[in-house]
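As structure tokens, here come the structures.
In what follows, chain A forms one complex with chain B and a second complex with chain C.
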Partner chain A sequence: MRRLPVYLLIDTSGSMRGEAIASVNVGLNALISCLRKDPQATESACISIITFDKEVNNVVPLTEIADIQLPEITTPESGPTHLGKALQLFCQKIDEEVVLSTKERKGDWMPILFIMTDGKPSDILLYREMIVEVKKRKLAAIIGCAAGLDAKPEYLKELTDNVISLDTTDSATFSQYFKWVSDVVGIGGRSMGATDTLTLPPPPSELHSII
Partner chain B sequence: MANTIKIKATDGSDVEYIDQMFDAGGMKDVYFSPDKSYVVAFFRDKQDFNAKDRLQNIVGKYRDNIFNQAGGDYWKDLYCWPTKIVEYNGKLGLTCPAYQKHFYFTKGSINNDFLGIKGKQKEGKWYASAKNLNKFLAPEEKGDWFKYFQICIRISRAVKRLHAAGLAHSDLSYKNVLIDPSAGLASIIDIDGLVVPGKFPPDVIGTPDFIAPEVLMSKHLPITDSKRVLPSIKTDRHALAVMIYMYLLHRHPLKGGRYFGDGFDPDKEEERKMGADALFIEHPTDRRNSNMKREYDRDYTICLPFIDVDKIPYTVCGPYLKKLFNKAFIDGVKDPDARPSAVEWEDALLKTVDLMQPCQNPACWHKWFVFDNSTSPKCPFCGTEYKGQLPVLNLYYSRKEGVFNPENYRLMVYNKQLLYMWHVNRFVYANEKTTPEQKIPVGDFHFHNNKWILINRKLPSMYDKDIDKKIEIGEAVELTEGKRILLSKEDGGRLIIVQLVK
Partner chain C sequence: MDIIKYNGNLEIAATDEMQLIKSFDKNNAEIKNDIISKWGVFENRNKSFVENKNIYIANGKVNQEYCFSFKIDELGLSDIGEYYFEGLDTFGLSFDSVTNEIKGIPVTAGEHKIKLVIKINDWGHGKLLLEKELTLLINPDPKSLWKNIPTPNDIEYFKPDSNQSFVKVESVQKSFFGENKFTKQILIAASQRGRSHAQEGRPRDDDFGLYYLKEHDWYIMTVADGAGSAKSSRKGSEIACRTVVEVCTSKINERISEFERHIKEFHSDKTDANRKCIRDSLWEILGNAVFLSVKKIEEEARGADRPIKDYSTTLIVSISKKFKFGWFVGAFWVGDGGIGIYDKNNQFVKVLGESDGGEYAGQTRFVTMAEITQPPELYRRLRFEIVDDFTALILMTDGITDPKFETDANLLKVDKWSELWNDLSKEVNFSYNNEDSAEQLLNWLDFWAPGNHDDRTIAILY
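Here is the complex of A and B:
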């Protein structure tokens, strides 16, 4: 069965410590639980989670929805936001993991990439290098999420036109956000409009889409 | 705790709902009424005059035409039909009866419902997908093969009624048809998108997997272009055929791993397979789309046996459905006029049910199979061979007295099988018009003291034609090779000739 690979890049830099990271954990749990109830997702969606602070970690390798065991995501006391390094690992992972169409194998759907950060990349040179690399690869969508007032959406906009801003990093906002992520992942099974091709669902009212 | 909002419907009646979104569909946000007997669904986008006019017709004229007629109650279980229009905070919405309880999972998934789907809607995709069915669903939720036939009969009947009224659903899919395989029930939902040819154009092109090839192939054209094909009764027929195939065989008729060349964009590959290059995975001569190993790849094993088209070809559904699947997926993918109508599906499914035999293997979850007209019948799903004698009744009808013609209609007999009026008389049909009186069995079959017998329960003029003796009510007749039994002397009454398969 063709997989839909979904990569979540999550900011775990020092500023996420406290309520923000706790809310992300709650949100991720809700996301997985929601996708497990969607037969379209249980059939094809796979999730990979990469966290980034000073270190970059693939805390959940690309796994089917039903088989995912979510670890508790933690943050260091303080530290930079190595988003560039995270994109580097992302590129390496999709090159390894996403199956391309061949005569024998049908191959996967094009991956969807979600990036969530509450700040800006500290490794800006590498970040810009990696933007070029990411754009070389075939992705179905890249969706940036700038969470909280200190987030700098302009950096994400260098990578993608789809950037969403969250005013706060509390649990209610994150739960809305992750609910929306599950809608994006599950969209394959929904009715298609007569006038458009497949598009992203509208973000919930608490989010601000910057396009 | 969320507030209860009280509003008025456009007809002036009261409508209440709890201000906490329960579900978000592709176009609408759905809220429950306080007593959960109905839902209120608001369109997220502003609706134009045309859309409002359409909704008014759906809750008004079209609804009346189907429900407020003799036998109209029959349809209440087959549709979830909108009842009222509401307008609130600048948003247009409608009220709809809440789905019946049996359309929600009671057990859900295996391992103590590890997916957490208990209490959720039994969306058709759980059942249409071999992977979901094999890997996740609890055995209690799966039903047996007979139930899937009942589901398909009900869906066909509901679509037939819409089409008879000149309406097209336009978005038949596993999201918009609820099914209950534990009881064999189905109900069509999301009726607000109904298309009336020449009056209301569709606002969706359908759901992937169910969109007709000609619609998918022309979707890039502007909506005003004369070559643009939009959903209609003919495209509903494609969706219906796909749905029946998927519920009976748990695979998609056009997804067979066809290869279009290296580096072909996966989205485009899917679009070609469903559109311009639509090719039946079980096409008898063109095998380019019959590479199930490529289609299912790493999930191949978990999806067995359903996706093994050699082990379980579509012909396991019997001769009547084989003919219709050929029309739908060999001729009909290119020629919308060749697609079988909903009436044809209903009829073929009903005749197929009469060919079904219980599998003798108690562990077989299909529990039933269609008799394949062979001398050594076996269940194609578990491979268990039928042991013992198998009576087949060939049905004949009389156009003029004393002369009987075959009518390509057979009834398989099994222990405790029932005989109904639609077997006895060719003018009686098993459909929405069947009266309660006609639903009472008129005879039953038993394997008793090593003999197959038919007991007459209600037929006043049943005759053993071999010895020209009346079989009284309460009397039994043995089914032996070549035995001729007249079921009724009335106009339309059938003669049966027994054939024993050993």
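Here is the complex of A and C:
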């Protein structure tokens, strides 16, 4: 089966504690149950979730939608935002997990990467090193999400042209965001030119695209 | 109900903590301490069990055999006696206490609440229970989730969700001995919108073209697959198929005597020079057809003020004719899908070109890409073959080759073509007298293959 690998990198630094992380958990659950009802997604999409604070953790390894059981995502009391380290783990995972086509084997669909943060990378040197590494890998789309007023979208802009900004980190806003994520996953897995990337569906009006 | 029974020197029964304390007052301190410590251990165990244990039970799928081996030891509890699950029977599962398996065939999808109940050993006649509510998720059958939303007919570049074509051919040739020799052939094609498009009410992007050039007894067939990621690709595939048929017809008419002479000369003397003559003729016919298709698409894109990329489409074309010495088939192919000459009797297949794939699924090349119409690239993609006879000449888009062949290597295997032909023959009656074969072919296109729900188009000459 050709899989559509979807990687979600989620900020669990100290600032996410409280309503924000609770909203992310609600949003993720809504995302998964939405994808379960999408026959195209249930037959192709696989989800991997990597959280990052001081530590990075692959809390959900690349799993088919039908088999996913979401853990409760938690945050430490406080701590830095090691997004660079998270991208490092992402690169390692994608190299290990994603299947490329050969004459004898059908490859996966081109992976999609979502990154959500409410701040800026604390490990900025590693982050910039990893931007180079991520760009070496072919992805259908990289989507950055700068959540809340303290988020610094300019750092995400260094990695991708697709950056969405959320004014608040409440559950209404996150549910809009994750609904849109499911729309993006829905259009992954279509034929495209060998050098193309995905044309994203327009985000709902509550989410702003950063130009 | 008793919440606790102590069977030490004295028998004490209590239904709540207050009652227990009253009993303690009446009895000696030793028993009191004993009970309190046991109660404490029990409560702590109960508490930590409920709060901290993340109990994993695998998800299931509706109407599919489910079996999950539950390992109670992994919970790390001591003194476990009998245990069971409540609520499984409401959706078709049961717990086998001998094998410790939850099994059965789930009948309803959803997030089912079930309860794990554990009795602790040596604790009051087995009345003390640990309970934990769990969720057992049963996924719906993907088949039941597909919707078939008709394409709105007021959209730009509307195209019907399916299409089919049937051409019956009977040509007469004078044989060597002056007798009439009849060639009986059928040309059919069918195209069906994929489930992934039907789900969203989006149009079919595939297209095809069939033509029998009666004057010279040539067969023209083409299939095209508009890119899923390009928004006007359905028009691109339509223009390509229509133009290919028009241009091949006029170019064959124009060059018929020279073209057929080259074929006959090559057949009697297979030199490189003669081979090149055929390829040059194909360049004039197929090359022009492809080139002009792209020009027409460019015109359309310009008129609509859009990039040509929006009209991206793959393209497979064949022109063929039966000569006295056998069949000539010329072909051009860009993109994925496939074209092959299949001979069932001799277990032979000749694939006329190579599939254009990338590192990932779905990546391919389109006729509308600038590099494809560069002369050396276009020339490279021209193929021809002369065979004694065949069962069928088949052109397909990737909606069929992906599920039926899976890999590029399999597309070259005659076994895979035989499987396809056997599968087709179950639903399509390929006899000359059957005039419903295109309809049957269209029905066949509805076959089920998980994860493969793209538009499907096939054209067959038999």
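Assume the second predicted complex is superposed on the first by the 200 of 211 C-alpha atoms of A that agree within 3 Å, B and C clash if a C-alpha of one lies under 4 Å from a C-alpha of the other, contacts with A are read in each partner's own complex, and residues count from 1 in each chain.
Convention: a residue touches a chain if its C-beta (ideal position, glycine included) is under 8 Å from a C-beta of that chain, and two chains touch if they have at least 3 such contacts.
None of these values were measured; they are calculated from a predicted model.
Chemist: Touching A:Arg2 in the superposition: chain B (first), chain C (second), both, neither?
Modeler: both
Chemist: Touch test for A:Asp183: chain B only (first), chain C only (second), both, or neither?
Modeler: first
Chemist: Looking at the overlay, does A:Lys106 come into contact with chain B only (first), chain C only (second), both, or neither?
Modeler: In the superposition, A:Lys106 touches chain B and chain C alike.
Chemist: Scan A:Lys135 for contacts with chain B and chain C and give back first, second, both or neither.
Modeler: neither
Chemist: Using the touch definition from the top, say if A:Lys152 reaches chain B (first), chain C (second), both or neither.
Modeler: The answer is neither, since A:Lys152 touches no partner chain.
Chemist: By the touch definition above, which chain A residues appear in both interfaces, chain B in one complex and chain C in the other?
Modeler: In chain A, residues 1-2, 36-37, 39-40, 42-43, 66, 100-110, 138, 189-194 are touched by chain B and also by chain C.
Chemist: Mind listing the chain C positions that touch chain A in their complex?
Modeler: Residue positions touching the partner: 54, 56, 58-59, 61, 137, 139-140, 142-143, 145-146, 195-196, 199, 225, 227-230, 309, 312, 336, 356-366, 369, 398, 402, 406-409, 450-451, 453-454.
Chemist: For the complex, give me every residue of chain A touching chain C.
Modeler: Residue list for chain A touching chain C: 1-2, 36-40, 42-44, 66-69, 71, 100-110, 138, 187, 189-194, 196, 198-199.
Chemist: What part of chain A is in contact with chain B in the complex they form?
Modeler: 1-2, 33, 36-37, 39-40, 42-43, 66, 99-110, 138, 140, 183, 188-195, 197, 201-202
Chemist: For a test of understanding, state which residues of chain B touch chain A in their complex under the given definition.
Modeler: Against chain A, chain B makes touches at 24-27, 44, 114-117, 120, 123, 125-126, 129, 131-132, 135-136, 171, 173-176, 193, 201-208, 211, 219, 223, 230-231, 257, 259, 262-267, 269, 293-299, 303.
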